[in-house]
Structures are given as C-alpha cells and as structure tokens.
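Shared chain: chain A. Partners: chain B in the first complex, chain C in the second.
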Partner chain A sequence: MKVKTVELKGNKGVLKIEDTDVYFVNSLRRVMLAELPKLAIDNVIIYDNTSALFDELIAHRLGLIPIPTDLQTLVFRDQCKCEGKGCPNCTVRYTLSKEGDCVVYSGDLQPEHPSFAITENTIPIVELMKDQRVILEVEAVLGRGRDHAKWQMVLAPRYRMETKIQVDKKHINEVKAFVEELPKDLVELKGDKLELKDPSQKSILESYLEKHKADYISITKDPSKLLFSFETDGSMSAKAALQESINILAKKYEEFRGLLKDL
Partner chain B sequence: MIELIIPVRCFTCGKVISSLYEEYKKRYEMYQKVIASGQKPKETPKEILDDLGVERYCCRRMIISQVDLLKEAAPYE
Partner chain C sequence: MTRYKCGLCKKAVQFDVKNIGMQCPYCGSKVFYKERPTIAKRIKSL
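So, the complex of A and B:
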C-alpha cells in the first residue's frame, strides 16, 4: 500500500492511496461519517424568544453549529464520572442574549471558557426586528454521526478510481475527428493515448462518447489506485480527523480480535 | 428550497453554507442591478459561487434556490 498526501491543510484533505482494496478505503470513509465524535449543542433552555422563528427551529439551528472539539480533554456524557449530570469534563455551556434590530450570529454564543469560543462565527441563527429578543442557555456534548447529522464532522468523504482512457490504434483517424468535436481543453491526444486535462470532467467525456457511439475509445477504472478526498466543518483539522478515524478503526479491529480469542 | 432563513448546512453533504450566504446575496444583488441597467455584469452567479468555494452542486442548489421570507413572517408572530 502506498499513500501520498496531495493536500492535508486546514479543513481539507486529499490523499492518493494505491495498491490497496476499495473496501478498506470504504471502511475508513464510513468511520469518518458515523463514528468520529465531536461536540454539538444538545440541550437548549430558552428563557425568552419573541423572534419570528419558533423555539424548536432556533434549537435545531443551534445544534448544527460546528464547535471546536479537543478529544483529549472531553469524554462522552454517559461515560463521565458525573454519571450524566453534566460537568466541565463532558459538557460545554454557552449563553446567548440579544435584542432587536440585528442578526444573531453563531459568534454571539458566549462560552463559559474562552478556549471553547466558536470559530465559525458568521452563521446567522435568527434575524431580530426591533423589540424582539432571544435569551437562552445551551449545553454541548460529544456525540457520533450515527446518532444525529449534527455530530457529523466530515463533509462528503469520497474516493474516486483512477481512469485509463484506451484508444483503438486501428481507428486513429476516427479518434482525431472525435477529439475535434469535444470542447476545447477537455482532452489531449498524445500519440495513441487520450488524457483528460482535469479528471473531474470525466463525466463530460463519457456523455460525448455515448452521443457519438465512439466504441473505439474505452474508459477503464483502476480499482487499485484511489483518490480519497474529504473536508471537515472546522471542529477538527483534516489531519486530526484522519488520525482519529484511523485510531477508531484500529480499536474496533483490536476489540474484535480479543473477542475471537475466546471462541 | 424555500425557507424563512438559509439552512445552516447543505442537506446532502453537511457543508456549512449559511456563513457564505450573506456574501453571495450582496454580490448577487449587485449582479441584478447591473443586469437591470442593461450592462454586462462583472461576475455571474456561477463565478460568485466558485469564488466563495462552493464546489459541489448539492451545496450550490442550497444557496441559489434560497428565498428569504423571514421579514415577511416577522410582523405576524
């Protein structure tokens, strides 16, 4: 197996994974979606809400706000020493109090501790007209993507197989005529090979191939060469999310191996 | 997608698009003004979305099909 980092900066990650099986990368993708824990607002106590949005809608919007998560310092609420009552080890609290003629942003959520300040602070929660007020208290806890989409940190993890475009050499003249019909800068004909300038435009080439019934050109996918890309919503960096997902996957296999020993 | 206010995240992939929406709206209204006066616009909605970093079409449809009805509903609470 070979792994080459194309990009792993900030919230974006693109890896080139070669000489491995698709199901292995797929299990990584599934862990990223469903098992990676992160903080999200789970309890909302509303003291005053005279805005145009009803209580549950504001609570729903608050739940979707990404909160920076440090997994080393937090535990799940049901596994905490406080037995689910809520203490600084498992729960992060914020308050919000704003009055009229303004837009309430996610940055207006005041944390108990400045280290938990919300980084994505331009998310509009609700718009208040004159004399409208919103006063509330929220609690954020750890959760996993499989329980609710608000706890899903990784956005659109996906993998794509490398494509090889093969050209039938006996029909090279028809190939050249076909390339003339394509939009400029889509493909490049190098001798007897056709290369896509931008691999993400493959579907455009495929639609042209179908239209012209060009069976002298064939596109084959190589399942041993994959381009794995993902994005995070800001609660963790892409590198940390990748490392944590790999740890979770390894722990699952270790647990399974331990159980198999007893058989 | 008609909502009172822009949904926080894209329904399909989960990307936070509400923080990009205000910027899009400002630039889109500029585009509309320029079109209405009959001139050639500096940037089309496609270019605005590309510049804001909205790649996938699931996120793009969230932004371009948004209708803000909050101000209409506000007097009736």
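So, the complex of A and C:
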C-alpha cells in the first residue's frame, strides 16, 4: 500500500491511497464516524433560564458545540475510577452566566481549566432580550459517534476511486472535435490520452458524453487507487484524528486475530 | 397555591390551580407566566 498526503493541515485531510482495497478504506471511514472518542456536553444543570428557548433546547444546542479533546488526559466516565460520579479525569466542567440584551455564544462557556477553552467561540446558543438571563453549568464527557451524533468528530469522510478515461484511437478526430466543444478547464488531450484537470469534475464530463453520445470515450474506475478525504469539527486536528482512528482500527484487527486464535 | 407573574403589570400573584377564570387583582389582565422554581434543574443534552 502506498499513501501520499495531499493535504493534512488544520481540520482538513486528503490522502491518496494506492494498491489497496475499498473495504479497508471503508473500515477506516467507519471508525472515524463511529469509534473515534470525542468530548461533548452531556449534562446541563440549569439554575436560571428566562430566555425564549426552553431548557431542553438550550441543552441540545450546547451538546453540539465542538470541545477541544485531549485523549491523553481523559478517560471514559464508565471506565473511570470515580465509578461514574464525575471527576477531573473523566469530566470537564464549564459555567455560563449571561444577562441580556445580547447573544450568548459558545465562547461564553467558561472552562474549569484554560486548556479546555472553546476554540469555535462564535456559535450562537440563544439570543437574550432585556432582563432575560441564562445561568447554567455543564459537564462534558467522552463519547463515541455510534452513541450520539454530538460525539462524532469527523464530518463526511469519503473516498473516490481514481477515474481512467479510455479513448478509441480509431476515432481520434472525433475525440478532438468533442474536446473542443467542452468547457476549457475540464479536460486535457495529451496525444491520444484524455485526462480530467480536476477529478471532481467527472460527473460533468459524463453528462457531456451522454449528451453527445460519444461512445468512443469510456470512463472506468480503478478501485485500487482511492482519494480519501475528511474534515474534523475542530475538536481535534485532522492529523491527530487520523492517527487515533488508525490506532483504533489496528486494535480491532488485533482483537479479531486473538479471537480467531482461540477457535 | 401556585405562583404566577402577571403578563401585563409583572406583579407576582398566587392562585389555586383549581381556579377557573384567573384575573390579576392589580390590573385585571388574564395573561400569566408560571414562575420558574428556584431549584437547579439537571437535564441530559440529547
């Protein structure tokens, strides 16, 4: 297997994976969606809320805020020594106290420790009119995407197979005439080879082929060459999310291998 | 007796829940808001 990093900066990651199978990349995609741990607000203790939104709706909105996650320092609450009571090893606490008229943003959540300060601090939670106020305390715990979407760190992980465009050499003049009718930045004809300038524009080329009934050009997909791309919600960098996903996947394969040995 | 807040004059009033046809004794308004209890409410973020 060959892996080439096209982009792995901030929240976005794009990898070119060659000599692989679709099932393997798909298992990585599914680990990213369902197994990767992430911090999210789970319990909300409301002391006062005179805003237009009711308590449950505010709690739901708070739950979807991405919280910076450090998997080295935190453990799952059900695996913690505190036995689910909530301690600094498994729980991160925030407080919020605001009075109108203003908009309450995610950045108004004050963490217990500055290292857990919200990075995406312009997410609106509720708008307060004059004399309205919200006073609350929240507890963020680790969870997995399979339990609730609020614990899903990676957004839209996807892969695309590399496309191969095959040209019938006997009809090269018709191909040249067809290429001239296409938008300028769509394809490039190098000798008798036709290449897409941007692989994501494949569907546009397909629609032109269908319209012109150009059966001398055929598009095939190569399942051994994949372009894998994903984004995180900001609670972890794309690089860290990828590394953690690979670790989880490796552990799962090891566990499976161990089970097979016992058979 | 349950505590309410008048929607017009904002004064606190008390009514029996069984009472039919509530009216503010200060301004006559019939719109009331139920006052929030002073205890903390713990809810799950779902």
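In this text, the second predicted complex is superposed on the first by the 263 of 263 C-alpha atoms of A that agree within 3 Å, B and C clash if a C-alpha of one lies under 4 Å from a C-alpha of the other, contacts with A are read in each partner's own complex, and residues count from 1 in each chain.
Note that in this section contacts are C-beta pairs under 8 Å (C-beta built on N, C-alpha and C of every residue); 3 or more make two chains touch, one makes a residue touch a chain.
Because the structure is a prediction, the values reported are computed rather than measured.
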item: Clash or fit, chain B versus chain C on superposed chain A; value: fit
item: Contacts of A:90 with chain B and chain C, given as first, second, both or neither; value: neither
item: Partner chain(s) touched by A:44 [first = chain B, second = chain C, both, neither]; value: second
item: Chain B versus chain C as contact partner of A:17, first or second or both or neither; value: neither
item: Which of chain B and chain C A:56 touches, first, second, both or neither; value: second
item: Touched partner set for A:129, first chain B, second chain C, both or neither; value: first
item: Chain B versus chain C as contact partner of A:142, first or second or both or neither; value: neither
item: First (chain B), second (chain C), both or neither touched by A:233; value: first
item: Closest approach of chain C to chain B (Cα atoms, Å); value: 9
item: Residues on chain A lying within both footprints (that of chain B and that of chain C); value: 50
item: Complex contact set, residues of chain C against chain A; value: 36, 40-46
item: Interfacial residue positions of chain A with respect to chain C in the complex; value: 40-50, 55-56, 59-60, 62-63, 138, 148, 150
item: Chain A to chain B touching residues, read off their complex; value: 50-53, 57, 61, 64-66, 120, 122-124, 126-127, 129, 132, 149, 152, 155-156, 231, 233-234
item: Contact set on chain B toward chain A in their complex; value: 4-6, 8-9, 13-16, 18-19, 21-22, 56, 70-71, 73-74, 76-77
